[in-house]
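Just so it is clear, A, B and C label the chains in written order, and each chain counts residues from 1 on its own.
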Amino acid sequence: MEIIRNFPAAAILLCLFAGIVSSGLKPKAAKWLNHALIVVEMALNLCTLYYTAVTGEAFVYVMGKFPAPWGNEIRAGVLEALLALFVCGVMLLSLLGGEKELEEKVEENKLFLYYVLADHLLCSLLALIYTNDLFTAYVFVEINTISACGLIMIRQTGRTIEAAVRYMIMSLLGSGLLLMGLCMLYDLTGHLLMSNIQESVARLHASGMYGVPLTVTIGLMTVGLAIKSALFPFHTWVPDAYGYSTASSAAILSSLVSKGYIFLLIKIIYRVIGFEVFHDTKIVNVLFLFGLAGMIFGSLSAIKENNIRRMIAFSSVAQIGYIYMGIGMGTQAGMVAAIFHIFSHAAAKALLFVACMGITGASGGSVKFQDLTGAAYRNKLAGAAFTAGSLSMVGLPLFSGFISKLLFAQAAVQNQGKMLPALVVLAVSTILNAVYFMKTVIRIYTPEQSPYEGITWKNQKLLTVSCVLLTVLNLHLGCLSQSWENLIMKGLGMFA
Amino acid sequence: MSGILMLGAILLPILGSIPIFLFKWQNRKAMRIYVELLVCAASLLVGYLLLRGPSAPFTVVTFTGNLTVEFKIDGLSTVFAGMIAVLWPFATLYSFEYMRNEPRERSFFLFYTMTYGVTLGIAMSGNLLTMYFFYELLTLVTVPLVMQTLTREAILASRKYLYYSLGGAAFAFIGLVFIIVYGSSIDFVYGGVLDLVKVGSRTNILLLIYVFAFCGFGVKAALCPFNSWLPQAGVAPTPVTALLHAVAVVKSGAFAIMRLTYYSYGTEFLKGTWAQDVVMTLTIITIVYGCSRAVKETHLKRRLAYSTISNLSYILFGVSLMTPAGLMGGLTHMLFHAFIKICSFFCVGAVMHETGRNYVHEIDGFGRKMPKVFACFTVSALALMGVPGMAGFISKWYLAGAAISTGEPLACAGVAALLISALLTAIYMLTIVVRAYFPPREFDYAAIEQVRDAKPLMWLPLLFFVIVILLFGVASRPITGFLGEVAAGRY
Amino acid sequence: MIFTAILIPVLAGLILLLGPEWKNRKQLCGFTDAALLLSFLAVCVALGTTKENEAVTLFNLTTGLPIFFKIDGVSRFFAVLTGILWVPAGIYAFGYMEHEWKEKRYYGFYLLSYAVLTGLDFSGNLITFYLFYESMSLLTLPLVLHNGSKEAIMAGLKYLFFSLAGAYMVLFGLFLLNRFGNTLTFTAGGVLDAALLEGREGLLLAGAFLMILGFGVKAGMFPLHAWLPAAHPVAPAPASGVLSGMIAKCGVLGVIRTVFYLFGADFLRGTWVQQVWLVLSLTTVLLGSMMAYREKGLKKRLAYSTVSQVSYILFGLATLQWEGFTGAFLHTAAHALMKCGLFLVAGAIIFKTGKTKVEELSGIGRQMPVTMICYTLLSLSLIGIPPFGGFVSKWFLGRGGVNSGLPVFDILGPAVLLVSALLTAGYLLPISIRGFLGGEESVVRPEKKEPSFLMLAPIVLFTVLVTVLGICPDKVIGYITEIAKVLIKEGMTG
């Protein structure tokens, strides 16, 4: 069993190598390699999850046996393993679902690149999840940015390039802030490993020295990651980046990439700064407020949108707002809710993007609402899947969104000061979600004579598989959430 | 055993309706027979269950911790489930005739039958979460019914309905969360489940949330100012407007509020607080508002829809009195209004179906051409006004009696509102009757020569409703006695 | 027996309404006539056979809400009066309705209304009373809008909605009484429970006031009188006659039941309710007379007169004093006969000449001498000139006012009654004067236009009855005093 301790590091390195190998392969081979890779990764992470769950404690893997403070560490707990497993799964499903579109829309000679980027993206995501070392984290943040940028740009139209540039600028701004934060933290503590920093920060906090610089540092890092994860009002890059890239890219970006950053932030809060210290800085309140604002304004923008892809993108802004609201609650319960929502939103959003592709595919590729009328009859499966995703987003019982909502609300109830605003915004945002998602559902279920041909599941087997599995995943999260909650609680316990 | 049967009764219409959609049904008659048999079977099953009396809770699924999907039958369920189980088969008969010439018949019956199961689910829910779940589901299965005609108007209406309903549920959800957190359980227990130790000094916030949840569920019950979806949803085919938007859906809202008030929060906690005043004021406003809008409205179905708004708030007013007598008044009105309103809607529907006329000023002289329909309509109009000897009077009697017994000034104002509303009801209902029976002297009957009375499938249900209305009106003692027991939590 | 009395006209009415058209008009009239007489006979038998205060329960609406009948002095008085009015007016209609349409419908509803009125008179408790009261509003509606003109339909709806508004005010009081009273059964002296009442007097007084106001709607009491001048004139003349003569009195009956049998005179004496009630009734008396004085249409003038005269009755009741009470009853009877007669006269004029405006009636007396003599006699009675019924009733009303012991009102009341009597003379007598003396002198031998016997007989009958009431009122006064003794303890010296 001890060998499992190597698995996280192996998983990261495997991705890296697979990416490098893929660059020399034909597209088809690269594709298969990528899928095989993800399956293997899933196996590895599953083992890790099992191991950590059974042993009941996290383990630290020291790269190259260099001990701290010089070495480079990886740390795996239940939560990390769970998230890593989840990321692999959703990524595979997103790629499968969007495969047909990729082959149609991306130039033949660039197709292999897509898989190279995907491999690297997965690598960086896993690294962000597992790392126990702030500098490593920074490095992979950059890798992540670059590969994500590539994923956006791979479909070369004017809009995607513009979107990619925008994404790049905002992202780099975020990275820059994060880097500054890191540097200052290094200055303050002299460490880069998370556990070491935490000790120092705790000492600093206790002694009351460097109070302002510490706060500034925390602020910088938080804002940096917030920008990267598209927290309102730093979300301006989102609609274009998700709206014009390929469906797989959009699904991956919105479900996974932004969540990677959020998870990193959570990790920093718990493992670097310490929950109490972070709470004392009042930055939680700022996050809470921005989260609430995001929930409302994201949805409002989505309502105004006339492009289904951009609408879903704006919805992501709102959902990210939920997560930040949970974090901003400043309680354990809020954090559990936020983390659960990371899962739940990832599952639902991936489903939506993939199903959306099916719908637009049955409407001549148009993403304009007026062309989508009756699309659910032309592509029954995608229509049903889109409906399922929407219901999850709106928070209907049995779907994952309901449990998130429930957890958020329960967390809010236990927090005297933030209860009312949180609850009211939660309710209002539910209504807004209902407005734009249900509007879309009704439109696609309004029968109309259409020039576009129907698509049956035989012509889109991969999409079918992807949609069905993602829907099942949503329902699973919605119906059997207890085990997920337990794992999250356990994982959070291991953070300390 | 009874647990399985309960689940069966709920699932039977839901799952049984799927074949309606799966097969092509070359023979429409076969489909109709199938649907009717299905609905009757479910009703019989429900009837059997209800006659067996209250049942132990039956847990189907456990989500997390004490969050379960659970069914049980108690007094309140008996009333609600019994009501819809009686109404549904008749409404289905009526809709066969009504939908004969409409397109998309299959999808109509699919969702129409499904709704039956979902409403039963609401009725038999054993805890707040289950009810919330079916409540949301109800919204979803009824949207296609509103959309049925697929006109632009219908789509706008269904959207609005959806937004309002889901939005309301979002606020009701907050109430649910508070019960989860501050209740000893989420089960429905007469008298409430709030754990006063946990509540501590947070009384005010809980009251605020109660108001939220009341309004949230109140959206479905068309509480002012959340009522504008209901008249608009009148674009749906009449069986939908009659059964769903006068009975099943809107009364689910009222039913949910009863559960919330008497079985979750508990009247002990709420009585005499500002929350009670707020909700009662809202209901009083709605009572008067609905009626006055109905008087102004000239579209027949919309007029009745506004009337429904007002009458639903009668129920809610009874509930907001927070006494067993008030609940009993509310229950009585819920039951009686169901029969009355479905009767008047079906009459109007028959007119629309036979002649395509929609407005009050178009029905001059119809009393002679459609005697059966307008006789029934007149009965329902009188009952709705509350003429003694008809069902409507009894329920108003109990409502007003309960209100006056509390001795609160606001409750007395509510009684005044009831009476003002009764007058307005008389105005908007009787103008229709007078027009139909007493057209102006110069009216030319030749203009409506081709108008025929409704076909048997349409008027037989009407006849049944009329008999029930009269029966309830003159011999209500058994039923009111039972409702009294239920409202006192003794059943 | 009571059921039979109600059931006979109901069945006959339903046969007429639901049955096929009658080919022979004579048969139709004969059937209606037979039904009317039979009903009246049944009422009389019921009055004769049923013991005082014997309750006959029909069924229970719900727990504690029985529909039951009981006959007491007031019931007798009103039941007899109803019959005396209803049967002749029905007979008159056989003549009058010849030129109207849809006779069958008219007779059907006429019979149904009679049944309802009988039920109203015999009602043993408030809920039964309310049931018949509301049915009365609904069933008399077709009589009002019978002629089917736009104006008539609008007036009919106005009538209906005002009546219902009144009924709902009553219902409010009903709810209150159900809570604070021992029972809803009409009990001489009131049903209020002093123990339950403690501290709620204000609410109860408001309830009582609303009930008086609500029943006052039917009686045309200010401020809810506006429907009356619109609705009474548009109906066919016999219907106007019974509307003004009897239906308006049902409001009075309601007030009597409310004040003396539910709340009890003692509960209201000296309260603001009594004051306001007095003010309202006196206002109405004056207002009605003045409006009648200004009005040009004959039937409408009579309708305004009804507004005024019925409030005489209300004033009498409002004094809460036995003389006023007696006067009220007398005036109920006298006014019913007089006003019904007057409307029938107006109907006869319209039927024969088609004239509706007052100024067109010059010389009418020479064309229709018998009719106009009856008119004059009835007018004199209405003004209050001996030896007619109107004088006796007004005498008692005036005495009631003077002896009421109420400050201000003991002077003001009789004064207003007198002024109103002057006005009454002013609006009724000129018609007679011009009818007999005016007109073109050249017409030496005018064409006789006397109506048929069927129409003339009821008019003459009413005139005779009013005269008889005026000449020997002792029996009636004695009867009423018996009732008053039980109800009003105070001031019963004479």
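Quick note on the criterion: a contact is a pair of C-beta atoms (placed from the backbone, for glycine too) under 8 Å apart; a residue touches a chain by one contact, two chains touch by 3 or more.
Everything quoted here is computed from the prediction, not taken from an experiment.
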item: Of all other chains, the one whose Cα centre sits farthest from subunit A; value: C
item: Chain closest to the middle [Cα centroid of all protein chains]; value: B
item: Averaged-CA centre spacing for the pair subunit C and subunit B, given as whole angstrom; value: 43
item: Mean-CA-position distance for subunit C and subunit A (Å); value: 84
item: In subunit C, residues with contacts to at least two other chains; value: none
item: Footprint of subunit A on subunit B - complex, ascending; value: 61-65, 67, 129, 132-133, 136-137, 140, 143-144, 147, 150, 155, 158-159, 162-163, 166-167, 169-171, 173-174, 177-178, 180-182, 205, 208-209, 212, 216
item: Subunit B to subunit C touching residues, read off their complex; value: 382, 385-389, 393-394, 397-398, 400-401, 403-405, 407, 412, 415-416, 419-420, 422-423, 426-427, 430-431, 434, 437-441, 443, 473-477, 480-481
item: In the complex with subunit B, residue positions of subunit A that touch it; value: 391, 394-398, 403, 405-406, 409-410, 412-414, 419-420, 423, 426-428, 430-431, 434-435, 438-439, 442, 445-447, 479-482, 485
item: Sites on subunit C touched by subunit B in the complex; value: 59-63, 65, 67, 101, 127, 130-131, 134-135, 138, 141-142, 145, 147-150, 153, 156-157, 160-161, 164-165, 168-169, 171-172, 175-176, 178-179, 200, 203
